[in-house]
Amino acid sequence: MFTYTIKRLLQSLIVVWAAVTLMFALFFIIPGDPISLKSGEKSLPPGILANITAKYGLDQPTYVQYFRFWGHLFKGDLGYSYKNDKSVNTILHDGLSTSARLLFWGALLQLIIALTVGLTSAIKRGSLGDRIGTIFTVGIQGIPVFVSGLLAQYLFGVLPFQMHWDWLNFFKPWPQSWTAGVIPTDSWKGIILPALVVAVVDAAFIARMLRSSLLEVLRADYIRTAFAKGLSARRVWFHHALRNAMIPVVTVYGTSLIAIFGVAVQTEKVFSLPGMGSTIADSALSQDAPVVLGLAIVVIAFGAVVNLVVDLSYALIDPRIKIDSKAVH
Amino acid sequence: MSQPLLHIDDLYVHFNTSDGVVQAINGASLTLNPGEIVGLVGESGSGKSVTAMSILGLVPKPPAIYPKGRILWKGIDLLTTPDRELREIRGGEISMIFQDPMTSLNPVYTIGHQISEMIRVHSRISAKTAKLRSIEMLDLVGMPNPAQRIDDYPHQFSGGMRQRAMIAMALSCSPELLIADEPTTALDVTIQAQILEILEKSARELNVSVLLITHDLGVVAGICDRVAVMYGGRIVEEAPVDDLFERPLMPYTWGLMRSIPQMDKVSTKRLYTIPGSPPVMSRPPKGCAFAPRCEFVIDRCHTEVPQLIEYAPHRMVRCHRVSEPDFIAVLA
Amino acid sequence: MSEFEQIPQSLSYWQDVRARFFANKISILGLVMLVLLIFIGIIGPFISGWKYDELGPDILSAPFQKGHWFGTDDLGRDLFTRVTYGIRLSLTVAIIVTIISVFVGVTLGGLAGYFGGWIDTLISRFIDTWQVIPFVLIGFAIITVFGSSFWVIVAALVFTGWYSTTRLFRASVMQVKSLEYVEAARATGATTKRIILRHIGPNAIPPIIVVLAFSVAGAILSESVYAFLGVGFREPTPSLGVMISGSRNFLTEKPFVFFIPGSVLVLLTLSIVLIGDGLRDALDPKLRGVK
Amino acid sequence: MSEPLLKVVNLEKKFPIQRGFLKRTVGQIHAVDGVSFEIGHGETLGLVGESGCGKSTTARLILRLLDPTSGEIFFNGKEIHTLSRQEIRKERKDMQIVFQDPYASLNPRMTIRQIVAEPLIVHGLANDDADPAVDEMIELCGLSREFGNRYPHEFSGGQRQRVGIARALITRPKLVVLDEPVSALDVSVQAQILNLLDDLREKFDFSYLFVAHDLSVVSHISTRVAVMYLGKIVEIGSREEIFDNPHHPYTKALISAVPLANPKQERIRKTTRIVLTGDVPSPANPPSGCRFRTRCWKAQEVCATSEPALLKIGNSYVACHFPEM
Amino acid sequence: HAATAPTYIDCQLFSAGEPDFIDPALTSTLVGANLATMLFDGLTDTDASGNLYGEVASKWVTKDGAKTWAFTLKKNLKFSNGEAVLPSSFVTGWKRAFAASMASEVAYHSYFIAGMEEYNTGKGGWPSASVVADDSAMTLTIKMVNPTADWPSIVGHSVFSPIPTTMASASSKVEEDGTKLVGNGPFMLEKAITKRAGGEVVIVPNPNYGGKAPLLSRVTFKISSDVNAAYNAFASGQCDNGPIPAGRYTELLTKWGTKGVKTTLGTDYWGFNWEDPTVGGTQNKYLRSAISKAIDRTQISTVIYQGVRKPASGLLPPGLPGYKAGQGLTSSRDLNGAISDYKRWLALGNKTPAPIRLSYNDGAGWDKVASIIIANLKDVGIPAKLDPYPADGTYFSKMRSGKGQMIRAGWFADYPIADNFLFPLLHTKSIDGDNLERYSSVTFDALVDSARSTTNKSFAQSQYRRAEVQALRKDVALTQTVNRGIATVLAASTTSFPITPLGMIAFDQIVKN
């Protein structure tokens, strides 16, 4: 297990390196001279542009920039924003707290929803609950996050105010004239709606996965064995079936955790949350390459870690996957 | 003779499927006495497994429905027993092993965990005691090094070892009946010999009745006291093992025996073949299920289902023509 | 022989798939919805009497009235016309993207799956790498660098979509390749070309059909996400994402500006997802009617 | 003596065990390890052995569906692994295979007639599946020609196996390799197929390589039998010799393990039955010396150190240091 | 009095979420400059009515026709850390601000000073001869490259702020630690946690301030991620002022009052690419004038800006010294004139052109303006279409290289002088720079050049006015649309809210109950 973990870790590092290099290529090599973009409505004299270019080291050949970039990265320095000389570390720090909160609750809710819906619809297969679950899970796949985000704001924010439905007015001390985009970002209330929006998309997908995986597992011989042993249905489902059904679910959950950042970008934009997602979006739009790259590294590393954890958790869930276990006799 | 341990009485099991109703069991009756090893043979799809699983209530409902019949376990009808009580019986009084030891064990738990779990469900003992008992059981079925191997996962065992573990588990709560559904079909002959030996030895030792399901007549011949032959969802013949092989009464049994290539007989001549293929149970023949393939078929066979009659003491058979005086001679 | 009486009439694989697809009420619902939307998309601009960027005198006028069935937006443009163009645009982009992604997927996935070895290792590792980058980042990178023209957006969507089709087709080919009938064909002396065209191809295709459907839905969604985030199509291009993005300011007073393009987008993707779901079931050999 | 139809010399096949990110080879499965035998014209060689001993691999190597690690295979006097792609394609007309799984070996997208006609089309012997020879062969294999337009999934296992046989025989090959053709079938259907194979052999004069793990089936159909254990042939000889007078302990154990459908005899056999202990070792890590020694009751020190050669004993060839006489 | 004075909370929407800098040496955005002017006082400044006054300087003179300027500084002024503000404080500030290593985007304002461009681009050392500080006499003498009559206005730009010696070597990243930013303005930084959305910048009165003390005891700038969030924070009572989301001017100004509305020194316009075969050159003048006359500026003003930006009648905005109304072709719309001009153009042998591309940078609402113009042109029969470009940078670099036909642009004053508009936007020397139209007229250039080199204010202004007429009426190089303005909503408690013509909110003069 240990050597396997080390090997996987090395693989992850290679993947991160390759992905970061890819991003570096996209943002630093292809556009040529991002500094000239600093001239907006008012043009800047060439001397000024040259100063700025030199300040960011962009007058150096690309490979020098590339090695310097890694050199700084190893020292934990993600560089400075083109826009305002603020260090990317600070920007990351600012955005991370919001995003981490959003993603943590989102991922947690996602798991809870997925498990609840998936389990009930698999166990009570064909029941009304199962059908509603299926409609929910299929239906949600067609709704992009930004639409559900706006919809959620309309339903829980706008409508209760306009209709004076105080009972629905979950965010009570809300401004009188409410528009999209305000969320008290500091309290749990502020995070619950965005987190729900983040959660729901892939929760539906995971729930479907769990359902079909469970249905398949429930047909397996060892489930019959478990029943034949005299175990209660509960124990069979939760002890014997669920763990086996989790393997494909963990894969999907991992994929969705990697994708969750893309979801977060939309959610943060819709709800005006000052997180990493909206920062990346804004920085990408203004071609603030160091910020995009700096934050992307974190996101990519996160993705690689998720992949790693998913792979390692396979081994936890399924002993067959342990690599250096005893040879098969 | 004492009260039978198990009595399956005119059992019907149907499945509602998109293809129509699959009439898997159409009036099967079978009796098992304490300490007896009974074989149940028949072709694939004849309903052996469904019969066996019905005893423990393991057939999923839906799609299964039980239009008729009883399964009496020491006098109580298992089909109407509430789930709680049925759970006590499962594993505690009747236990079961399955065809494929590869898939019958949960891959994510250790063998020890799975055996102890069974023991602890049926008796209030500590985890430690359960583990000791598991080791004891593994030892009984000839598992080498049981104390170490108990913490291994199923995939770390070979097929034969897995099946031993299954047997150990099945016997761990001292059941009165062990249902073995094709326990050796997935194994090689040399391993099959090991498993059958262990199965018979432990059953006789612990005085457990065994319902041995197989499609291999050779397996039955070796260890069974009595044999029942199933065809098209019905028991078509039931007899003490020697009688059945010596003098099959039902044309299907007769044909089956003659169609097996015999290693000991030098037979360069053609095998006997039963023409056609087994019935599709969603559209079973109206009369005798074997009629479309039977060499001795008469008109009545196509229209009327024959009854299971006691042709001679302990010899049950389901055939219209068996009562014809010279018919037996034809078969012999 | 009497045994054949029990066998129902012969259906080819595709007849069977079709029969099972059409027996599924939900996928029929999806199909009907999609056909309706496409129909509206085609004829809409002709019957509305407006152009998608034509300004009218009424600003933010309510829907369901003469002249403007879906009302107007903040510049007085006819929402019905814009939405119908939006359907066209979404579908056009999605179909082009899907065709290219599937082409890439079938080529790369087929190569990796059929030949295995280092080709497979190379392609698989590349996919691994690509996969940890969230798709929005790839889109951002490409579109901000190359500008948001039609083909750049298509390229961005292909770049975010190619690897799932590749991975899937690779798995599919690998699975089919290992099947005995492929080996049987080789044993009869069939050429590689014949094996690929007659044996592997047709049997590896069904999963691709399902992916096709989901990829179209995915591309529609991604396109709208890019538009919403400001890196995809822009005003005045009548992309549904652009319209929804622009509607945010009016969510309180004129929610219809959000709801109309929003629900069209949802219905459009949903209908395709439903069809994809139905196809998946219909194409699943495990669910095949008769054995 | 004339040239045998098939001659296998020292055939060896190792599969790499690959692992990790870049699929490094970490070990080898020695699936077939120095196998030699011959099949004469019109002869049926039965190849038996336990699961995983390399039977199918041998079969696939003979058809060049796999490339051997070393060794030679002469078919019709030609070493088939030195043939070019084109040449081997031509040769395949004369050697065909029937697979074990009647479900997996037929392309679900093709009709029965298309499947059976494929070898003809491939070898340019027919232009489409409407060739009369196709229907003829379908009927010969016990299926009605009306069902030529149906798809495999509409048939039972036995019927599909007939299709597989029809496909193999349509080009009138000289050698048909049958890889467990009846293992997946019920006893009553198995008999039908075995008879069919018998009939066809009589009619067309094929040679069969019949792979099976069921000794009674092998005894029924074979003229000669080879017994395999862990990638090696441990004994090869005529059917009678093998069954009546086995020399290798493994052959003996194998035969004794087969239960007979005769209760009285079985009870006697049971008392004398040789029940082997333990399992077949992993082919990735085979025992030294004689492969069978770990389960052999006669094993001595020499068995661990030196590998027994295949030597002639009576009418058979046996690889054992202490053969039964 | 500070303890009892009200505090003020300003909810800002900063472009893309945050101000670029509050360091006067670096900031290039209005909001950043606004904060910088609260923290730093320069030599001069412009008051709310647009008049120039001395801030640190008490008087200034030129003896050689605007070639050398001598400023006399007020005595006893102090930085917030107690250090005296001396002529050398300016030298310290400028040395830092214009150093190449600072890479300030606004350093080019210093290029009026002899030798400063060389210093900034690293080609020369500090031009000590050009900036002479005499701390004992409290004078600062500055030598110009060319005669610069408007220098006293230009030097009011925040980049020319003085700094204390403690900040002399502060790098461009000084803002990472906000407390090091020490100024001589009415306020000083209490904290600058972060300028990002969700963060805030807090300023409090500078106890050492020598001028009129602010009426507020503290101003907090809250940074919102977008305009809706900022407005909502205001509406929920969290702030004293807030921005107005697009399209809601009428509604919200009616609700909260128009105290926060002010026209600033800026103009939006559409330029014609002088080199384009369809719209450019003297031969297509009638097409351009038809377009110019066809545009309904009132419609743009009311539909899009709901009156906050008013229809413009010329390039120079009202309030700018020397401004005169009606310098352009029309101040709103002249449909008949447009139609007849278009006919004249067609009569010259032209055919209906391919749709004229209206190029703009996307994402800032220009699509809506362009859409109105297209509709306006349709009335005349001139086909046109939208031509959006993704990012600002791409757009402007494309336009600078002459890719556009009709080019969306706008200008706001860096300092309140006519030259700040006319020279960069229309002079031949500004081609490839801000002269997006690539307009080149000998007459125009001569007029501007003559105005630039005279110290006679009224002559200069008349020359500038003639130049404006040349470009807008005679040549129709561009057509103005609206004058820029600022609109914020204010809480009722704010009774006075002065905004300078340069768009700066005078936080030190806000009166709040």
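We call the chains A, B, C, D and E, going by the order they appear; numbering starts again at 1 in every chain.
By our rule, contacts are C-beta pairs under 8 Å (C-beta built on N, C-alpha and C of every residue); 3 or more make two chains touch, one makes a residue touch a chain.
Since this is a predicted model, take the numbers as computed values, not measurements.
Enquirer: For the chain pairs A-C and C-D, which is connected through the larger number of C-beta pairs in contact?
Expert: Here the pair linked by more C-beta pairs in contact is A-C.
Enquirer: Considering only mean CA positions as chain centres, point out the chain farthest from subunit C.
Expert: Most remote chain from subunit C, centroid-wise, comes out as B.
Enquirer: With chain centres defined as C-alpha means, what is the inter-centre distance between subunit A and subunit B in Å?
Expert: 53
Enquirer: Please report how many Å separate the Cα centroid of subunit D from that of subunit E, as a whole number.
Expert: That pair's centroid distance is 90 Å.
Enquirer: Among the residues of subunit E, pick out those that touch two or more other chains and give their numbers.
Expert: 228, 245, 363, 391, 394
Enquirer: Going through subunit C residue by residue, note those that touch at least 2 other chains and give them in order.
Expert: 1, 3, 144, 230-231, 248-249, 290
Enquirer: Using the touch rule from the top of the page, what residues of subunit A touch 2 or more other chains?
Expert: Within subunit A, residues 177-181, 285, 287, 328-329 contact more than one other chain.
Enquirer: What part of subunit C is in contact with subunit D in the complex they form?
Expert: Against subunit D, the touching part of subunit C is residues 1, 3-4, 7-8, 10-13, 121, 125, 179-181, 183-191, 194, 198-199, 202-203, 285, 288, 290-291.
Enquirer: Mind pulling up the subunit E residues that touch subunit A in the complex?
Expert: 16-21, 26, 100-105, 107-108, 111, 117, 120-122, 172-173, 175-176, 194-199, 224-226, 228-229, 231-233, 235-237, 245, 363, 391-394, 396-397, 400, 409-411, 424, 432-434
Enquirer: Mind pulling up the subunit B residues that touch subunit A in the complex?
Expert: It comes out as residues 53, 56, 58, 83, 87-92, 95-96, 98, 100, 103-110, 117-118, 121-122, 152-153, 155-158, 161, 166, 169.
Enquirer: Which residues of subunit D touch subunit C in the complex?
Expert: 21-23, 60, 63, 65, 88-93, 96-97, 99, 101, 104-111, 118-119, 122-123, 144, 147, 149-151, 153-156, 164, 167, 171
Enquirer: Taking the touch rule as given, give the residues of subunit A at its contact with subunit B in the complex, in rising order.
Expert: Residues of subunit A touching subunit B: 220-222, 224-233, 240, 243-244, 317-320, 325-326, 328-329.
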